[in-house]
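Please find the structures below.
Each of the next two complexes has chain A plus one more chain, namely chain B in the first and chain C in the second.
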Partner chain A sequence: MNQTTEKSAAAPETAAPDMAGLSRAQLRRMRRFDNPWRNPKLILGATLLLSIIALGLLGRLFWDVDMVFTGSGLPRQGPVGVENLRGQVGTWAHPLGTDVTGKDILALLIIGAPNSLYVGVLASLIGMSLGIFLGFTAGYTGGRVDDVIRVGSDVMITIPPLLILVVVQAAYGDITLTMMAILIACFVWQSPTRLIRAQVLSMRESGYVQMARLSGASSGHIMFREMLPNLVPYLFGSFIANVTTSIVTAVGLEVLGLGPQRVPTLGRVIYDAINSGALIQNLWWWWGIPTALLAVMFIGLLLINLGLDEVSNPRLRRL
Partner chain B sequence: MGRIPLSYLANRLLTLVLTVFIAATLIWLIPRFPCFSWVQVLFQGLTCVDPADAALGRMAAGGGSVADSDAILAQLRTTYGLDQSYFTQYWLYLANTLRLDFGLSTASFPTSVATMIGYALPWTLGLMLISLVITFFVGNLLGALMVWERTPRLWKAAIPAAMVFTSIPPILSGLLLMYVFSTQLRWFPLSGPYALTVEPGWTFDFASSVLYHGVLPAMSIVVVTFGFWALGMRGLMITVQGEDYTTLAKAKGLRPRYILYRYMIRNAILPQITSFALKIGLLVAGQVLVERIFAYPGMGKLLYDSILTQDYPVIQGVSFVIIMMTALSVFLVDLIYPFIDPRIRHGG
Partner chain C sequence: MPTSKNRLLTSVSIAAAALILGSAGAVLAQDVAREDTVILDLDRTIQDPENFNWMTDGTGVRRMQGAHQGMWEPLFVLGADGSVEPWLATGIESNETFDVWTLSLREGVTWSDGEAFNADDVVFSVDMILQTAELNAREVAQLRSEVASVERVDDLTVRFTLKKPNPRFVSDNLAIRVFGAFTPVPEHIWSQAENPATFTFNPPVGTGPYTLTSIATNRAIWDRNDNWWGAATGFIDLPEPLRLIVLETGGEEARAQLMAANQLDAAQTVTLGTFEAIQARNPEVEAFAPGLPYSWADPCPRQLEFNTTVAPWDSAEMRRAIAHIIDRTQIVNIAYEGTTSPSRTMFVQYPAMEAFISAVVDAGYGLPATADVAAGQALIEAQGWTRNGDYYERDGETLDMAIHVNSASTEYTRTIDVIVEQLQRAGIDARAVPVENGVFWGEVLPFGNYEVSYSWLSCASVNEPWASMGRYTSASVVPVGERAPGFNNTGRWNTEATAAYTEIVNAMGVMPLGDPAIPGMVAEAYQYLAAEMPFIPLVQAAKLLPVNTTYWEGWPTTDNPYNSPAFWRGDTHRILHNLTRAQ
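Up next, the complex of A and B:
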């Protein structure tokens, strides 16, 4: 795998002789366009995610988010210009409409969307840290420790997190967002562990690691200064994939009515909407807008992941 | 048969047994966690729920008051085995779980959990198998077409665009499909496994009704999962495209379609089967939620209903059975794989 990263790093040098006739400025510009990180998918995905974060940050400044907790408008009012079943037309007081108790949907989104991202990122960060630690330990030390970690991750990867978490939530009831993230993190360390272990095993025999070992570098130095930088694209990819898994699990719990009860989340809004028969009453803005926002979030994460794939694997780039 | 080495088999079997054991232990331990004295010292504020007490509470809530509550409580404690040590309770639980005996449901009282799961399981398995087969074929074919040089340009542009849906969890696609095809266009029924007017049985009417009602739940899973296979297939096809035998087949002047099916897809599809093992957990979890919104009477609906009624034996039984199904299918995939792909030799 490190061969591909070496190849991508070496590409500008090998291309240089063909461009002997070009000026230095032109060469620099070409090399800039060859920068794998300037990937359209990566940029588009990051833009989508940043716009959700911006909605959460700016919304708190410019919109009255207390409307999340109290029904302040007419119930079941449509977005601006949309007529509901009782013939009321939506107004700018509630641009995205209201739910069955008159809560403002826009305020629900402003508070709920960052909450979903927060759970995903926190759970994934904890899972990644565990995965890096266990993966390096397993791959680098080998032997009995490796066996235990390998079997452990093999076992845990087949257990769907949602089902264990359902048991947890059914037993304990209400939990906080952070607690939910920590619980999800207990189930997302396996794939980074496996990935890093496999990479470390293959890297351990490579020339530069042997070289470092011969020149007397400590294990810590080899692991974190020699090996870890080569893993960065994979770690990013794995991190983003885990954010997606964590958000899917969190939304799943919320849609089953098991998420945090006192904090507005997108999944909770969908749960309320389904339970109040929003589909039959044609209140599409109530469930549809949170669904669309979640879809944007997942598409953004997918695009980032596809972009990262192309960054780390140049063979995919020509497609 | 001699192709699978014994050590490989033992390894896979150990993983299977450990998975089932750990899942069973977690499911037992989680509700009882606050009841151990050392936990209460470490985490203040967690309350230990006594199942007998809770059952009595439900009785009182249903009937207004309960006479002879102390005697009933003692009786319930003996019935549930709560008067024994945790160690004994745990061993009894493990022994019962292995025999798929999860006790009696508390919400629909005299029915055993195993009976309820027995009704729900065929629906879940049927829906899962059908959507899995469709998604596997569609996904791999589209993934292969993304790489094939003779794919029409329109398709090459359309497939990546369709992939955008793949990151969405099936519950969201389910909601969208439900809105478009049953409340707006009214092509498909909104919910339920079959029409209320049809008598269940081995008749054509019943079968067609079941199929008709299954279209939307299956589609909502297919729409969001085919991209996973397509992406994996694309990566594998790129590798196969560069192989010498593909170049040779082209040089021989074989028909391009023949090369695609017999030379490229056949070689690229096999590793896809192993990634199935890694993905099945998420597929199962997604289907649980799809069943809940379509009121499909499978394990997901059973789980949701038991959460609403706080029916812990059912919650635990359903969770355990789904985890066991997942672990078993991973085990089977691992066992079958060396037979269908002779390139793989384990332990050799």
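Up next, the complex of A and C:
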């Protein structure tokens, strides 16, 4: 009902577009534009991600997650009904099978998938916060501060993060998930800094900012109360892209055997599989299911990103 | 479906093989055919590949990259039955008090550059070791600690004078026993070196039937020298393989795929499941034993080593508590999939060691195969720790333990994963700290830079008890941060018990091999190890080493155990000489 009100309110501006020649389905989609957040890509992407979070939350309630530890079941069991190389058929005791040390794959996924997501989101949150702060400061303040931040981010952007992180983590041996996220965050602030700085530079000269300045508003007020809200969809997009980058980095490290040793993550499961000859032993459920879950996670993030793009940029919306 | 899957896996493995061998491509493209080449697996990176100075090599990779399997030869080789086979030497004799030994060298031996090998080379090498403390390989440190002086008697005779009697001088120093041994270097080359500790010995020269063709961090290629002295003098025929390649395969999956695709002739240890999978795809692949457990008992039983200078593990009670909590049977079942057995003592369970093992077990110091967690927890609680939730705490501090483990093999990390779980369930916040192979042997172990580590530093004895027991005496104790000589007593165990232990072990050390009093003394000394537990023996080290008979036959097996199947040791010469072309 709300939509109708909005529609009529918006009518004078849209100046009664020519609806002739549009099919019913297209008309339905046209109406959806009235609420850009009902974007199908956004919804599908969010559903995929939420399903992973739900797996983590509900799984802990309904499944014995202590089975992530060594020796929880018979080794090398296939998923239900699947026969392994020794001719044993998988049972409901381990619906997705076990690895070579008897860890339950389902339990590993219940704990591991949200962990991988957690590292990505946390690293991205920290990186974005840093990026927003530095980008706004550089763009709005200008001068020396801008030079320092700009050069700093330009230099950092040329350093391959994985290389540094491999060295750092190899030196530490074992680190926590949070520590890993913080380390990754050190390498995901540069792009948002640069992009936000560019946006702020163009926004600085716009009328409403000048008006605010004339009214005597403080820099902090102008930056974070006047300008920031205009960047929200854009920041969301950038945030999601950063989550993807962070997860890729984290998984990359885990697949190399770095990162937390005893805390299950999807990358760690894949590392163990590679390291124990899972391919030659045909234990596809060990590396295949976590890989598929990672794919779901990345597709979800991509869809959300595309959806957010369409939300913030109506020209991208198609009928 | 299975066919297409197999085809896919085969193409993946061939691609992997091509990738790994890619850098060797230029050399391989030369004229040595695959059926004339034997390819051995290497489980670590050849750091500093241009350096062939084995005397400063702590990790062993400067020898096991093919140098001591093909290029350098040992003076003697020790058999599993205790017999000593002369190689560059023809024999050795001692005086009645075992402190003067006279070594006879083989006639007609030459270095690969044509110079004669003789007593001058041996005397020069030993003198250099005695004078250069920076030469720190384990075998070098051992020799330096025993030899007082060395002299040339004639061209083929050398006399060693020891600091104190040692009836095992040959097996301790001159014979390949568990990995390497003192290997003489050519005087005509090394005498030019300004500083033996920084000399890289490149190009390397040896007396063996292979010479270096090319080396990189991931592989070494050695070609047969048809002018080898052994064939010329009638000692042994030339080995059949024209080329020896030692290749870093990089992990279980890669070595399994290479093995299945016939790109590897002998692989480092794999897990049972992987071995069965390789065999299913390539029936030409075999192991030391024809059936379960397929494995060969490596002479280096696994153990947990405590740094006894670090609290709370400086307390013998705490160390004993950990020993109670560890369930050896579970390690065997999960980490080794039943291919090995729990250790009863610190010793390797070879038939020749049984008398000593029985003496320890009969005296009540044998280790149980399963855990007694309650007993362990009682010991911890007696030390003032109380369990609060998951973990024990004392004065607001959680009881935790960081276990350093070499990340080079799944065998190591998997064992530690099992132990970490056992300790966690008992209330100790244990965690594994995997470390790269070079760092583990180069930085962590010798300098005592660990709290607890997983290793095999008791390894040495195969037919007498002293070699292993002698590694934990107070003579080897140095402060943390200084290099422990020859990786001995890296845990810095140095208490009154150590002193009492050392006294018995030293007394045992000068007694002739086979003295009937020795088993009793072993048990007597062992009471101190049992009471203070400076290290916890875990399980015997079973190695499941796949060998490929597609191109080469004659690998050591249980039916024909002419040598250990450990192709990274200095006695691999005997394997190479025994291989015959299969096609």
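Keep in mind that, in the parts below, the second predicted complex is superposed on the first by the 285 of 319 C-alpha atoms of A that agree within 3 Å, B and C clash if a C-alpha of one lies under 4 Å from a C-alpha of the other, contacts with A are read in each partner's own complex, and residues count from 1 in each chain.
In the analysis below, contacts are C-beta pairs under 8 Å (C-beta built on N, C-alpha and C of every residue); 3 or more make two chains touch, one makes a residue touch a chain.
As the structure is a prediction and not an experimental result, all values here were calculated from the model.
Colleague: So if we stack both complexes on chain A, do chain B and chain C clash, or do they fit?
Modeller: clash
Colleague: Name the contact category of A:Leu74: first (chain B only), second (chain C only), both, or neither.
Modeller: neither
Colleague: If we overlay the two complexes on their shared chain A, which of chain B and chain C does A:Ile182 touch? Say first, second, both or neither.
Modeller: It touches nothing on chain B or chain C.
Colleague: Of the two partner chains, chain B (first) and chain C (second), which one does A:Leu163 touch, if any: first, second, both, or neither?
Modeller: Only chain B; A:Leu163 stays clear of chain C.
Colleague: Going by the contact rule set out at the top, does A:Leu201 touch chain B (first), chain C (second), both, or neither?
Modeller: Touch partners of A:Leu201: none, neither chain B nor chain C.
Colleague: Let me test your reading of the model: by the given contact rule, A:Ala46 touches which partner, first (chain B), second (chain C), both or neither?
Modeller: Touch partners of A:Ala46: none, neither chain B nor chain C.
Colleague: Now for A:Leu85: first (chain B), second (chain C), both, or neither, which partner does it touch?
Modeller: It touches chain C, and chain B stays clear.
Colleague: Regarding the shared-chain residue A:Arg262, is it in contact with chain B (first), chain C (second), both, or neither?
Modeller: Touch status of A:Arg262: second partner only.
Colleague: With the two complexes superposed on chain A, say which partner A:Leu130 touches: chain B (first), chain C (second), both, or neither.
Modeller: In the superposed model, A:Leu130 contacts neither chain B nor chain C.
Colleague: With both structures fitted on chain A, tell me whether chain B or chain C touches more of chain A's residues.
Modeller: Higher number of touched chain A residues: B.
Colleague: Of the two partner chains, chain B (first) and chain C (second), which one does A:Ala217 touch, if any: first, second, both, or neither?
Modeller: So A:Ala217 meets neither chain B nor chain C here.
Colleague: Kindly list the residues of chain A that each of chain B and chain C touches, one partner per complex.
Modeller: Common to the two interfaces on chain A: residues 170, 257, 274, 279-280, 282.
Colleague: Which residues of chain A touch chain C once you look at their complex with the stated criterion?
Modeller: Touching chain C: residues 69-71, 75-76, 85-86, 100-102, 170, 173-174, 257, 261-262, 274-282 of chain A.
Colleague: Considering the complex alone, what residue numbers of chain C touch chain A?
Modeller: Contact set of chain C toward chain A: 5, 9, 12, 251-253, 256-257, 260, 270-271, 273-274, 276-278, 280-281, 330, 334-335, 337, 402, 404, 407, 410, 413-414, 417-418, 420-421, 424, 431-436.
Colleague: For a test of understanding, state which residues of chain A touch chain B in their complex under the given definition.
Modeller: 151, 154-164, 166-168, 170-172, 191, 244-245, 248-249, 251-252, 255-258, 270, 274, 279-280, 282, 284, 287-288, 291, 294-295, 298-299, 301-302, 306, 313, 315-316, 319
Colleague: So in the complex, which bits of chain B are touching chain A?
Modeller: Those in contact with chain A are residues 14-15, 18-19, 22-23, 26-27, 30-31, 33, 46, 49, 146-147, 163-164, 166-169, 171-172, 175-176, 178-179, 183, 190, 231, 234-235, 238, 277-278, 280-282, 284-286, 288-289, 292-293, 303-304, 307-308, 310, 312, 315-316, 318-319, 322-323, 326-327, 330.
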